[in-house]
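What follows are several structures.
Below are two complexes that have subunit A in common, paired first with subunit B and then with subunit C.
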Partner chain A sequence: MTSRSREKRRTAPAGGKTYAFQLFVAGNESNSTQARDNLARLCREYLTGRHEITIVDVLKDAATAYTHHVLVTPTLILIKPLPKVLLLGNLSDTRHVLAALRLIGGKQ
Partner chain B sequence: MSSRKAPFRKPQIKGAAAEELVHALRTHQVDAIVGERHIMLVRLKQAEEDLELSRNQLRALTASLLSIRENERIVIAREIHDELGQALTCLQLGLSWIAGKVTARQQPVQDKVRSLAALVTTMIRTVQRIADELRPGVLDELGLVKALKSEARKFTGYTGTPCKFETNMGKTGCSREESIAIFRIAQAALTNVARHAEASKIMMSLMDGKTHFVLTVHDNGKGITREQISGAQSLGIIGIRERVLALKGSLNIRGSKTTGTTLTVRIPRPRILLSHRPVSS
Partner chain C sequence: MARPTRRVHEQEEAGLRKKRKRISKIPTGIVGLDKVLDGGLPAERMTLVGGGPGSGKSIIGLQWLLAGADTGEPGILVLFEERVASVRQNASGLGWDLAQLEQKGLLCLLDARISPEAVVSGDFSIKGLLAIIGQKAKAMRARRIVIDAVDALLYLYDSPMRERHELYTLHEWLLDQKLTTMMTVKTVPQEESPRYAFLDFMADCVIHVDQRVTQQITTRRLRVVKYRGSGYGRNEYPFVISQDGINVIPITSNVLQHRPLGSKVSSGQAGLDVVLAGGFRRGASTLILGIAGSGKTTLACIFAQAAGRRGERVLYLNFEESAESMVGNMLSPGLALGPLIKRGTLVVRSYLPEAMGVEEHLFHALKALDELQPQHVVVDAISACKRMGSEQAAFEYLMRLLNDCRERGITCFYLNQATSLDIVAEISGIGISSIIDTVVLLRYLQVGHAMKRQLLVMKSRGSKHSDLFHEFHITDRGIELEKT
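Let's turn to the complex of A and B:
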């Protein structure tokens, strides 16, 4: 609880910008499911009402993955605000993910 | 204008992204690798490993079951032979005693005793055969080679199809487990030949190679199909395979309509460790 509130305090003011994500997953594989859940939680906590998530299942739509040069799943791409950010893994390291998405002020 | 698809461009991965990828792979956070032509599920490897583990456990269980079954057979064979055999022998002696007491005027009683004695003799033979099938005494008493010779002889006797046996092995070649396994494999192979091959000649051999014992059963029958070899219904072959795997051996079955079927089992010889202890004078 403590760490979560500290992260919230250090959250960079997003200034009403909408965050658009594209999450590449492989069906219901465990890391993909975790990434889905973690992203939904992060958006709920830090970007309430200011996010768009597009889920791409590479098992059904590999072409989109090729287009975006996605190598592995799960992969999260922050489409906007620019610059684009690419994150690999199940997004379980909240601090790292928030820092990469510029939602908190850098890695400790 | 060319209608050909644009060639797939290899994604460039450098610096932080490369680090990110290595970290994700190391921490097992990757589910699938997206390739040019297909998606390779990383978890598939894990599933295969789990499957192999499960297979090995099943094999160990089968080996244990086979061993339990052999031991049970020994006990049942002994009980049948000792208890039932003893009782029938007593019965036969009793009937002989009665036959001795019956006078010439008691012809119907004499006939009855004689027929009962004949019946008891048949029963004794049956008991001996059942005990022998459960646990061939010849395997314990005279060893594998004599047991296989006897099996080939019996096969010829029962089926009328000549079964030759040859070997280069001495009396003490295999361990007890190996002897039982090879003997049961040979029995199962001969049963299969008798049931399915329609052969007129069978050749069985047991060879002692440098690294392996090799059992071969060849018949000149109608051959065997791949489906029959690997089919779930081929219980005889499944049993043979399980016994072979329990001894870390290999099984090869080849069949053709013209040349018949050849079953080859290779069982690795146990490694003998030689000690090099200095000999004190």
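Let's turn to the complex of A and C:
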């Protein structure tokens, strides 16, 4: 049902835990595009080979947004490793995002 | 005389209605509010309901959705602040079974609370929410939606510009979807916030509700601030939240629809009937004025007894004593009220004036008129009504009650306790004397070593009456007038 709206990118795990993300976007609005780019860049730099991103377009798949209680776009959910993390916004503040995802030490 | 005037009024009304035809409206399901809104909320537009915490705005929204569900029209309630479960629970306190409506697909409670653990990084929009609402509305065929506590969403934005932009997007989207929307927003009284000013400009209809405490008594008020393309009641209207939801009490309708006074009806006392040239007129309002112990209650109860014998019902609103103590006290002048109460021809409702605000008193009184359909009403005593809050509160209560009795053709007796022997100065009776048809004055007079009781009919609209002071006695057979 969601094949149209999801695109999966998978890289083989290579050391460390695999990070599974779900990114909710609204079509190609600018915040969503930025979030996509920011997440991709971040994964390339910090999670090479050990990330999994599922992108859900809420405009095409509102049901999944509802199930995951996603009200704003973009929303990034870190599914694995636990605990879950919920990030709202275009992910422009890299340090902030990395801290929230526990990829760097505490916030500054 | 009366007929042509009325016809003119009807023509004017019809003319106004024709002009207002352009806007299609959806009733709120709250009778009084629909009157104030001249029919209801603007269809396919947005209405804003603003008010402080506990002011009743969410209940107004829910009641509107339930009114829709009643007619088979589904609705969505988007909750930005309250939990779905607690809304269900609170509603059940008002006798509303939301879960059942949800199962039938007539209602959807949408939890739109943003997780407090969410981390914000960069800009975002509420497109997700709109997508969810859109999908739900389509699936349910919902045409009405309530967005509760939109302010909770706005707190996520730290810039007023972004806030406005999102609200604007939301508004545009709702209009595009042709949904009729009610949006509630918390306002802080006495604080001009640009956020709400903006919302007021955006919405087509704006309603403000508040809850205030005057002299230790809480009252609720509702006011329509604007309504694009429609007329509306421009005053502040009291409302109550009772067991069955919101009840708005518009103080006055535009047109007086009083019924003309009816035939004479006996006062229950032969001598007084002579003085009144046959008795009181049906549908008339009578003020009985006198100091404590002058016989006001006795006079009213004699009337009630006579009415009961004719098979007519009297509603006795007592602000001075309980039904039991009234029945006991009236045994002395030989009145047996117990059997009348048992038969239901006399219904005594005793209230402590300060127990509730004026609108709640009104609500109970008007509900009693609806339920009991009495021919006569006694208010004992209007002087105690000041304890509902203020002289103004008492005036509102008495005017509205009198107005309703007038429209229904109910005979009304207002007992007023004077505080001095110079009671003529107190005749006004909280400023309502001009709409009173008959005034009966009871007084004491010192004659030699004795106090004599005297009765005077000061005015009796539409009827002949004696203009003499009549001496009377209260005996164990009621009131007896001395022959003059």
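Some observations on this one:
The criterion applied here is as follows: the second predicted complex is superposed on the first by the 93 of 108 C-alpha atoms of A that agree within 3 Å, B and C clash if a C-alpha of one lies under 4 Å from a C-alpha of the other, contacts with A are read in each partner's own complex, and residues count from 1 in each chain.
Keep in mind that, in the parts below, contacts are C-beta pairs under 8 Å (C-beta built on N, C-alpha and C of every residue); 3 or more make two chains touch, one makes a residue touch a chain.
Predicted model, so just to flag it, every value in this text is computed and none were measured.
Annotation for the three-chain superposition on subunit A: subunit B and subunit C clash. When the two complexes are overlaid on their common chain A, residue A:N31 makes contact with subunit B and with subunit C alike. Using the contact criterion defined above for the overlaid structures, shared-chain residue A:L47 touches neither subunit B nor subunit C, since it reaches no partner.
When the two complexes are overlaid on their common chain A, residue A:A63 makes contact with subunit C while staying clear of subunit B.
Residue contacts after overlaying the shared chain place A:L39 against neither subunit B nor subunit C.
Between subunit B and subunit C, it is C that contacts the larger number of residues in subunit A. Once the two complexes are laid over each other on the shared chain, residue contacts for A:V97 go to subunit C alone; subunit B is not touched. In the superposed model, A:V85 makes contact with subunit C only, not with subunit B. When the shared chain is aligned, no partner comes close enough to touch A:L23: not subunit B, not subunit C.
Among the listed stretches 43-51, 61-69, 133-141 or 241-249 of subunit C, only 133-141 clashes with subunit B once the two complexes are superposed.
On subunit A, the surface patch touched by subunit B in one complex and by subunit C in the other comprises residues 24, 26, 29, 31, 58-59, 62, 65-66, 69-74, 86-90, 92.
Here subunit B touches subunit A in the complex through residues 8-9, 11-13, 17, 20-21, 23-25, 27-34, 36, 38-39, 41, 43, going by the rule given at the top. Subunit C meets subunit A in the complex at residues 111-112, 114-115, 117-129, 131-132, 134-136, 156. Partner subunit C is touched in their complex by these residues of subunit A: 24, 26, 29, 31, 34-35, 38, 58-59, 62-63, 65-66, 69-75, 85-93, 96-97, 100. Interface of subunit A with subunit B (complex): residues 24-26, 29-32, 58-59, 62, 65-66, 69-74, 86-90, 92.
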